[in-house]
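Shared chain: chain A. Partners: chain B in the first complex, chain C in the second.
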Partner chain A sequence: MQRATAPYFLILPSFVLAAAIILWPLKEIVSLSLHDVNRFGMLRDFVGLEHFRVLFADPDFIAATWRTLIWTVCVVLGTLIVSVPIALILNEDFYGRGIARILIMLPWAISLSMTAVVWRWALNGESGMLNSALRDLGLINSNIQWLAEASTAFPMQILIGILVSMPFTVTIFLGGLSSVPDDLYEAAATEGAGRWDQFRLITLPLLRPFINIAFVLNTIYVFNSFPIIWVTTQGGPANSTHILVTYLYELGFRLGRLGDAAAVSLIMFVILLVFTLIYVRLAMREEKA
Partner chain B sequence: MTFKQKLCLLAGASLVAFSSSAFADSTVRVTIAEYSKGTGPYFQEAAKAFEAANPDVKVQIEVVPWDSLQQKLTTDISAGANADLSIIGTRWLLDYVSEGIVAPLDEHIKPEFKARFIDTFLTPSVMNGKVYGLPIAASARAMYYNKDIFAKAGISTPPATWADFKTDAEKIKKLGGETYGFGLQGKEIETDVYFYYGMWSNGGEIVKDGKSGLDSKAAIETAKLYKSFIDEGLTQPGVTSYSREDVQNLFKQGKVATVITAPFLSGQIKTEAPKLNYGVAPIPAGPNGDKGTYGVTDSIVLFENSKNKEAAWKFLDFIFTAEQRTKFDKIEGFLPVNAEEAKDPYFADNADLKVFTSLLPNARFAPVIPGWEDIAKTTSNAVQKIYLGQGEAEATLKDAAAKINATLK
Partner chain C sequence: MMNSKLKRSILFWLFLSPIVVVILFPYAVMTITSFKSATEVLNPTWWPEELHWQNFSEMWQTSGIASALANSLYVSALSTLLTIAVSIPAAYALSRYQFAGRNAYRQFLLVSQMLSPIVLVIGLFRLVANVGMIDNLNVLVIIYTGFNIAFCVWMLQSYFSTIPRDLEEAAWMEGANRWRTLRSVFLPLAVPAMVVTAIFTFINAWNEFVIALTMLRKEENYTLPIRVLSLVAGRYTVDWHYVMAAAFVASVPVAILFAWLQRYLVRGLSIGAVK
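On to the complex of A and B.
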């Protein structure tokens, strides 16, 4: 008896803390999403699933959901693909490695909103740095209006997303690489394995857990990432670059539709929850195997 | 008693003394929107001057960036942690009044106080016959034009009508280079307002008889007119990537020959582009001589749940004296709301401001309707689609009007 209750007793404090900061807001959000709410958060009549019905009938919401998916997949995969070679290079011993590492990490030291503001200026059509650089290089003859249309704005936002997710990911990979013992490579070299084989058969499998953790954490961060899109386009023009989190902010704090906004945040919560559950299942199955 | 204990006691006593000085008298908390970097210092100074005259009242100023004001108020109010007084956009006032969040000021307003104001600016915050806010900031819109570019293109006067304006813009285009006649805003807040300028000139209204005016002939013609400016290269390229600030910057850089905006641009030009040779003119008129400008006021409101209504009113009374108003409006470049203040030579002899004040009789304020922000957003989305060529003018505006009519019901 003693033995059975002790663990529960021991986790009670952290459980209470977690409940206070997770479950209580969740309960509030659920109740907001099921009531008619005025713009100051005062509850009115119970309306059931009306807010959800409104959302699913809203083409902008559906579009934002798909765009969130594209955004997350592109930024997360793009980051992983770019970060692995960068981590490999930074793991080599070369002259100026310290400076190279600092340069890669630097975007991390600047607040995301600041980075986004700088990019907003850089992408300005008439006086932006990117256009003037491209013109000086002779790559374009007339200015590109990067943020005027989703077809140019959204890919640029994804690139910025990759750029700012890279430092964190490279750091994780560098940690992973330093745990790979050198003698494995020496042994492989003796057996006649080339550099590609060494990467494919030694580095990548040993880096696997680190790639997994970078994948999960980045997915959660990027899915919820607000500043890049809000600062550069505010989801516009004509709602064409909204992802769920910017759409939620606009509904809640610009248009005062707190009920609809609460419903969006619940939907986002469920999407992330499902993703996490699937991931945990996969990770556990792997551990058992 | 050891030295340490004595020290603790002393510290405790001073803490009590400190807190009593902070809470024994009434403290008035005021939420202020930051219009410029001069806003915070002005209000701190005003609070100090007020406290010197009223030693029993403390004034605590909270400065919030304009962009996050609405979010702060929403969260503060829902938590019951709002200040006693706050600046709000007058266009939000209806929601505040219908939820019973702000208190009417009529019992405090003496005829003498009311007489201080220029009537045009007090009326937008009157609802159901009661005054719910005082105009802390007022502005209107006019067309700034670059005299040098106009002269180079052989144009001597600013355009009187939209037809003239188009001919002028064509002449400016012929100059070659990357200078554009019409600085057109197509991004973020007030994208809809930039569209209304033309719509009002064409005789349209935002809301008429409880229905959206976006599907009117005036609106459709305006959309086609603006689109023709865009298609013929008479505006800066990529209008949907230019917010109001961005277009103003293009104007300061001499890249667009005109921009329609508020009085505060004069002040910005003075410090940022002092060599710019510009003039201010009314927004061009339509074919039938219709004219319009957008009048905007921000209001300072008293919250219903304030426990210091008397002290808060005293502070309001203080900041709406001609002396304080003159100081504030000079710092911010707003229009005078106070009749006596308007006589100050700074305002009375200012050529730019004279144009703005002369437009006030034709000024339209944001209509007092529920869901105004929603309607503005729908309109902005529709005009962005038209500017981008993703929707045909008539069909897009009719869709938007139908959506707005559903909100208005």
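On to the complex of A and C.
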């Protein structure tokens, strides 16, 4: 094997496989979104942007888009706000730190669909243990039907979203904190800087690139997140908890509107591409710095 | 006077305790429910009167979880092997060669990491349906492999970059060729990284949901997440104690594996982020 061609041979199998799994379906989606399709996926006439026009006239799609925005913003910001202090604590030396790390990482270890199934049971209106726990604590008097209404179901879904996004985010921050040299703090302490000043003037600026990266990656993951909402409410009741991914699934596999579903996929693809470009720019700035 | 580490520990645990309680709550519910009798489940007390171990054996016989376990093992093991087999050479190339297109390839991997299966599921379904391969577990193997390559190459490359080049260069000096050096110097040093990456790939495949939900129609082909969901969704009466026992069996082994390995993930991700 010659030196010049060797690396290409080495990357070829992985490239072919990954490209086939990504580019080929993408081509299918583009052609579905531009044709009239029956529910078995047979292509009929070319209709141009008709599916997109249908979507933008569909109040459920518009509502799902807004809800996706609320979902993504609440989960991502909530995760970041909770994760920074947790990472700061887990980076310190204290008794039981190993156990604390494992407990905080636990939601990452258990599949999202299992966590969601368990929550669906815990939130059960009649026999769910959240109601009984809250009653025992004297916080509520009568059972709440958590999943029967969007006004209680959606905030709970956001809470679950925050809990399962936290481990990954804390992990990124721990990686960032481990690169902060200790003597910086010692120097600051001899200059008379208090704990808060140390955090504000040293930790936060050094953590900023990691916060940026966690922000963008979480935005992408949360935007794409399907199991929590699908397993707990399947977008219901009456389409009131759909986000784009669950609405896409409902359109494609429940209602048989494959063309419309493909159009939603493409819209999501474009949004994700924008997020990715932001991420690449941030990551490259990091590499230069 | 209390020593300062003890004081700090108490303070930190006080701060962490609310979040730990919320994290543990669903898993405590899962564990407790899986040991309750059918009558106690509907009457939500915290502690069961007695531990109903027979829930597990009854669930095992009625829920079809044994075949789901076998399917999940088959799909996860095979796709892990395939992913690792194609990712090792790619990661080696990225960490040891400078070549035109190296950055383009890294960015391609990054983009493929960003696209979750759900965005492509309509297209994947149509492709698979067109060749009549719905309900074929090997299709899942191929799709999982495609989606895991980016993560795997990324992790392996970040570990490979920490293996010092000097060792390989020393072997070349002694007249060993590239292949020989690879086999007797590089690969033995890279084994731990490969094992860790393989296990994370396995866990990803084990937990995958949306592709399995879409591609598997016959009950005997279900993987674990789909099997457990099928015990809940679209039923008038749900035997929650069996469902929770099934969720327990499906998640605890993997959770233990993960807890044991999470520090390697912290290291791999942070090296990957810097290099």
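Heads up, the rule we're going with is that the second predicted complex is superposed on the first by the 252 of 289 C-alpha atoms of A that agree within 3 Å, B and C clash if a C-alpha of one lies under 4 Å from a C-alpha of the other, contacts with A are read in each partner's own complex, and residues count from 1 in each chain.
To be clear about the criterion, contacts are C-beta pairs under 8 Å (C-beta built on N, C-alpha and C of every residue); 3 or more make two chains touch, one makes a residue touch a chain.
Predicted model, so just to flag it, every value in this text is computed and none were measured.
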Partner chain in contact with A:L163 - chain B first, chain C second, else both or neither: second
Contacts of A:R39 with chain B and chain C, given as first, second, both or neither: first
Partner chain in contact with A:I22 - chain B first, chain C second, else both or neither: second
First, second, both or neither for A:L174, with chain B first and chain C second: second
Contacts of A:I213 with chain B and chain C, given as first, second, both or neither: second
Which superposed partner A:W108 touches (first chain B, second chain C, both, neither): second
Dominant toucher of chain A (residue count), chain B or chain C: C
Which superposed partner A:F269 touches (first chain B, second chain C, both, neither): second
First (chain B), second (chain C), both or neither touched by A:L255: first
Which superposed partner A:A238 touches (first chain B, second chain C, both, neither): first
Shared chain A surface residues [contacts with chain B and with chain C]: 41, 124, 126-127, 234, 252-253, 258
For the chain C and chain A complex, residues of the former touching the latter: 5-6, 8-9, 12-13, 15-16, 19-20, 22-27, 29-30, 32-33, 41-46, 85-87, 89-90, 92-94, 97, 99, 101-102, 105, 107-112, 114-116, 118-127, 129-130, 142-143, 145-147, 149-150, 153, 203, 206-207, 209-210, 214, 225, 228-229, 232-233, 240, 243-244, 247, 250-251, 254-255, 257-259, 262-263, 265-266, 269-270, 273-274
Complex contact set, residues of chain A against chain B: 38-42, 123-127, 142-143, 145-149, 153, 233-234, 236-239, 250, 252-258
Chain A residues within the chain C interface of the complex: 4, 6-11, 13-15, 17-22, 24-29, 32, 41, 82, 85-86, 89, 92-96, 100-115, 117-122, 124, 126-133, 136, 159, 163, 171-172, 174-176, 178-179, 210, 213, 220-221, 224, 226-227, 231, 234, 245, 248-249, 252-253, 258, 261-262, 265, 268-269, 272-273, 275-276, 279-280, 286
Complex contacts: residues of chain B adjacent to chain A: 70-71, 74-75, 77-78, 95, 99, 101, 178, 186-188, 236-242, 246, 249-250, 253, 255, 371, 373-374, 377, 380-382, 384-385, 387-388, 390
